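What follows is a structure written as structure tokens; I'll ask about it next.
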Amino acid sequence: MMTVLEVDLGLGGRGLADLMDRLAEMGREARLVSLEGVRYVVVHGRVSASDLSGLPVRWVRSTGASYPLVSREAGVCGPVRVGSVEVGGGDLVVMAGPCSVEGRDQIVCTALGVKEAGASILRGGAFKPRTNPYSFQGLGGIGVGLLKEASRVSGLPVVTEVMSPEDVEWMSEEADLLQVGARNMQNFPLLREVGRSHRPVLLKRGMMATVDEWLQAAEYVVSSGNPGVILCERGIRSFDRATRNLLDLSAVPLVKRLSGLPVVVDPSHGTGRRDMVIPMSLAAVAAGADGLIVEVHPSPKDALCDGDQSLDLDEFRDLMGALGALTGALNGRWEVPSWERVAMLA
Amino acid sequence: MMTVLEVDLGLGGRGLADLMDRLAEMGREARLVSLEGVRYVVVHGRVSASDLSGLPVRWVRSTGASYPLVSREAGVCGPVRVGSVEVGGGDLVVMAGPCSVEGRDQIVCTALGVKEAGASILRGGAFKPRTNPYSFQGLGGIGVGLLKEASRVSGLPVVTEVMSPEDVEWMSEEADLLQVGARNMQNFPLLREVGRSHRPVLLKRGMMATVDEWLQAAEYVVSSGNPGVILCERGIRSFDRATRNLLDLSAVPLVKRLSGLPVVVDPSHGTGRRDMVIPMSLAAVAAGADGLIVEVHPSPKDALCDGDQSLDLDEFRDLMGALGALTGALNGRWEVPSWERVAMLA
Amino acid sequence: MMTVLEVDLGLGGRGLADLMDRLAEMGREARLVSLEGVRYVVVHGRVSASDLSGLPVRWVRSTGASYPLVSREAGVCGPVRVGSVEVGGGDLVVMAGPCSVEGRDQIVCTALGVKEAGASILRGGAFKPRTNPYSFQGLGGIGVGLLKEASRVSGLPVVTEVMSPEDVEWMSEEADLLQVGARNMQNFPLLREVGRSHRPVLLKRGMMATVDEWLQAAEYVVSSGNPGVILCERGIRSFDRATRNLLDLSAVPLVKRLSGLPVVVDPSHGTGRRDMVIPMSLAAVAAGADGLIVEVHPSPKDALCDGDQSLDLDEFRDLMGALGALTGALNGRWEVPSWERVAMLA
Amino acid sequence: MMTVLEVDLGLGGRGLADLMDRLAEMGREARLVSLEGVRYVVVHGRVSASDLSGLPVRWVRSTGASYPLVSREAGVCGPVRVGSVEVGGGDLVVMAGPCSVEGRDQIVCTALGVKEAGASILRGGAFKPRTNPYSFQGLGGIGVGLLKEASRVSGLPVVTEVMSPEDVEWMSEEADLLQVGARNMQNFPLLREVGRSHRPVLLKRGMMATVDEWLQAAEYVVSSGNPGVILCERGIRSFDRATRNLLDLSAVPLVKRLSGLPVVVDPSHGTGRRDMVIPMSLAAVAAGADGLIVEVHPSPKDALCDGDQSLDLDEFRDLMGALGALTGALNGRWEVPSWERVAMLA
């Protein structure tokens, strides 16, 4: 059991010191977390409002979860703003773009194409985590610059992966959304560093991570000061290699029940097969996902990375059309038939 | 590589003997399979029509799959009729009912309730495969009789599990669809025995079976003489026990691409949680499933088995309503947005 | 919690009826099990000796395990006799022979060869569970006859797999040890049928089975009347296909701690690679296994099944030599350094 | 296919430039790697010595492995020296100590105790990768200092985990062996940074990493300039949670066959249970491991981390005694019965 409380700062600093003293007297470990100017205290164990009478506390909420700040019970985390786009607010958000930024023409062309088809965020990898040291490792800083240019030209905000704690600060100036990749889901120094950034974070699920571990990884980011976490299900590892990974769509309703965080699905890495991207995208939305992140390349057969799972622009337009038909059906707008709102659909 | 050919019986028995002789001369292992009066020959390796000129062969088709008869390339298997219901023909089929038949009132009440809500097949277990020898093992033959009675009262065809080869013959007289459970997916004597039955078979995926192994299990049934196989994805085993099993929805478009068999999804066993049945049902349909099999109990908290994952009748009506909204959107009928027809949706 | 008690039959049948009545009055489900003339009662929940005063009870033992009869706490199961060989009694037992019986010369030659090298039980498959319906399915009844002949010639008892409940009775007359294969570990009708046999059973772990499920499967056999169960670890399924299966040697000390059953290890199926059979055999013995079951073929490259994982007779002699050096080191005899006796080794 | 060649530097720098030019003319990607003063070139694809006649090349070796420098075929990597201890040279090396450094007395007492019992390297965590942000995270820099002091007092070299690339340089001055933890096995910036260090690296296998991915991670380190990699099998994730992880001992003979790197086994994390550490240690050595890394705490019940899997000093002495009996048997010295030398044992 853990407890979160919101500090009432109207009473000034003295009250906060008194509160921390009271918790210390009670023998409770407590951590102060500041999220966008609001102060919260995370306390081990259960604390009730009556234990803290006379102290500057707006509310006190306890949870059995090991990730109190991101838990649904606390109600601290919710929809996340990426540039002018809101993720988790009800409208389906589609992020699209190539696995890797390969050059100016490729990324600008893709940006304009996916925007025209209805995508609202541009994705593109500059620092690539590759299993083999001799594989193409991405264009690095140059790639980030090209992505930034594609963003300016298209007007789309961009998401790209950051791999090293030391790159977080400068990349926060260039990207609108920082991706933490599946292999880094438990890279705790990196989680703490993006937690100190002012940019929102797209946290991919590790290929070996339980849902519980994933939410604890999100708690690392939030407890470091950054409430803007978007979860991304991208497939886990299984015994069957018929698909590259095993897309766990049941994680979508599960994390929405357990936490307040938005969740998007990556059907490209989740399946590794272009011909499965459309059905699994539809399935993800039907399961309640707040968005998708899809690999799109102007010419998949020439891609330096992951061409087998990339859509071309025509296929991406087909996907957007299919999504429109699906979501349009649900009250004439991008309403996702989540487990909570299912009665409304009938 | 394997080859399937259809025998042209118009030429009489002599021609068939000649054909088998020719294959033997070519040094090819060949097996004759009779499906609803049509004779097929399955041959190891590639054979072309020109190798068999002058022999009674309608067509010859080769495939790289290790399950030639159920492969999409052969085109032998397709929609399956269960009583008056067709599975895989375009209309979504919902099978519903309790985990176990517990008594007359329970099963008749459930049958009438699920029928009224729109289900078209009644499910109910009489022989229950239980992990523990001291758990409730089902009502056995008595349960089958009660199920039959519920079928008469409601007019719904019924599906129930058969566990022993020796039970196949008599249960084929009582049930409209024979279920082979996940634990028996590679019980080869049972597969061969249901393959000799005239009843269609619902073949659940083993909890640790690859898609390739699942289709080979289906091939056991079909190569024994029964073309009526419906696949059922019911969740596989993973490292994360947050859900009872891991529902692998990517298997839906995959098996539809690889084979001609219909596929239904079991979100009840697939998640083990009542609150996830609706979102995962919607996701299954969006992924292209031909149907669902859902646990429904008039009073889940009193169920002898699997109450945690059973819907009550109100919840089941909610599910059917949500499915109606989803599928209604797609051209005003129960059309599944499969990977092949996705362009039509746009 | 479950309870096992031994009935004191000296008091005659009346006492037993009184005992069952008392348990029924207490509202306890109870099952009477007869093992080699001794009567046990398995009761749900905890029962103490004082609850049963005046009744014919020798002892009462409770356990938290869901497999009371095979649990270590009950002390009912122990070493198993196969012909004149004792498994689990302290001496390492090596079972060896081909994957499949292919003909008279092959099986007799192998029998004599493995006996000369020190094996004490002959293995050989006649009914083969094959993933594909068009693969070689074994010689069936003819194979069982050949195995019997090899047994007569060599003097070795034999183990072979039984796949169908209807084959159990006649095969019990031919084989000394009945194998239940990994795919049938939860084939409950088969488990009950071998439980009614007078022959001991080699119960392979399912490739998807937890240790807990495996021991419950053993409980099916024992609670049906047969105390002679030998467990066999043969590798489970994992995400890494570098080896055919993942040999779980930690299961060896674990099941020895949890139950009284002997356990042997199959390094051939467990790795699928001939070059790993010797190191993994040594490791299995060091972990405390009571025996090994190893595939040996006079000419592995010609084997109809599993040649890649079979040793030839020279390699088998090398294995036996290596085992001798390992076990000889431990007090000059085949003593296994199990977790319990480890202090003695120092 | 990849090729490794050793440059003959006797011919001076001009020859090296010519060699790289020739490879470029051949259209081959090539990377120059310097390992302890010796220069190697890694080339994509197959190159033969005759392609490079007249150029300064000592030898040319091709391999199908995607990790050419660590492959057995190249013969570049081998035993690793840690302080005065050689790992992989034939003598079994035991690393022991607490999960976390908790204070001066704890670590010095453990160091002296494990040394007296026969350990040759001291382990202790200062930076701890913890799943939950509110768990004890280790003493950090202070812990490294205490470990260094325990090293001075006991004379044992020390191994400790490094989590951040920015910590590698200073920790290389303090520790004799740098551990990369399981969660960081594919933290590529960290792998490259320890690859630029002069200290050897203990590379733990990721809990969901294939053997192939593990060896490619080792290739990241070596191709960055550091040939001193010791692999550590510490258990992978499986569906069965009866043990904390699933210790994959078959990985031991497999990596010894595929690569020249030494491999040690961690039975503490591999099982998570104190009572299984001794049997699994014996099994690891029997499978051919070059060493063990074992958690030992003077008072496991008071440990801040992983007490359930830690031995106390008495138990550790029992383990060392058991290992002595096992290895003493094999020619009277610490000779491991690897798959290659098994004939010698007979």
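Letters A, B, C and D mark the chains as written, and numbering starts fresh at 1 in each.
Simple rule for what comes next: a residue touches a chain if its C-beta (ideal position, glycine included) is under 8 Å from a C-beta of that chain, and two chains touch if they have at least 3 such contacts.
Quick caveat, the model's predicted, so the values are computed rather than measured.
Of all chains, the one whose CA centroid is most distant from that of chain A is C.
Centre to centre, using the average C-alpha position, chain A and chain B are separated by 37 Å. Distance from the chain A centre to the chain C centre is 49 Å, each centre being the mean of its Cα atoms.
Those residues of chain B in touch with two or more other chains are numbered 208, 237-239, 241. The touch graph of the protein chains shown is complete. Residues 2, 29, 31, 42, 44, 66-67, 129-134, 163-166, 183-184, 186-189, 206-208, 213, 216, 219-220, 223-224, 237 of chain D touch chain A in their complex.
Taken together, the chain D residues at the contact with chain B in this complex read 208, 237-239, 241.
On the chain A side of its complex with chain B, the touching residues are 208, 210-212, 236, 238-243, 246-250, 252-254, 257, 270-271, 275-276, 278-280, 282-288, 317-322, 324-326, 328-330, 337-339, 342-343, 345-346.
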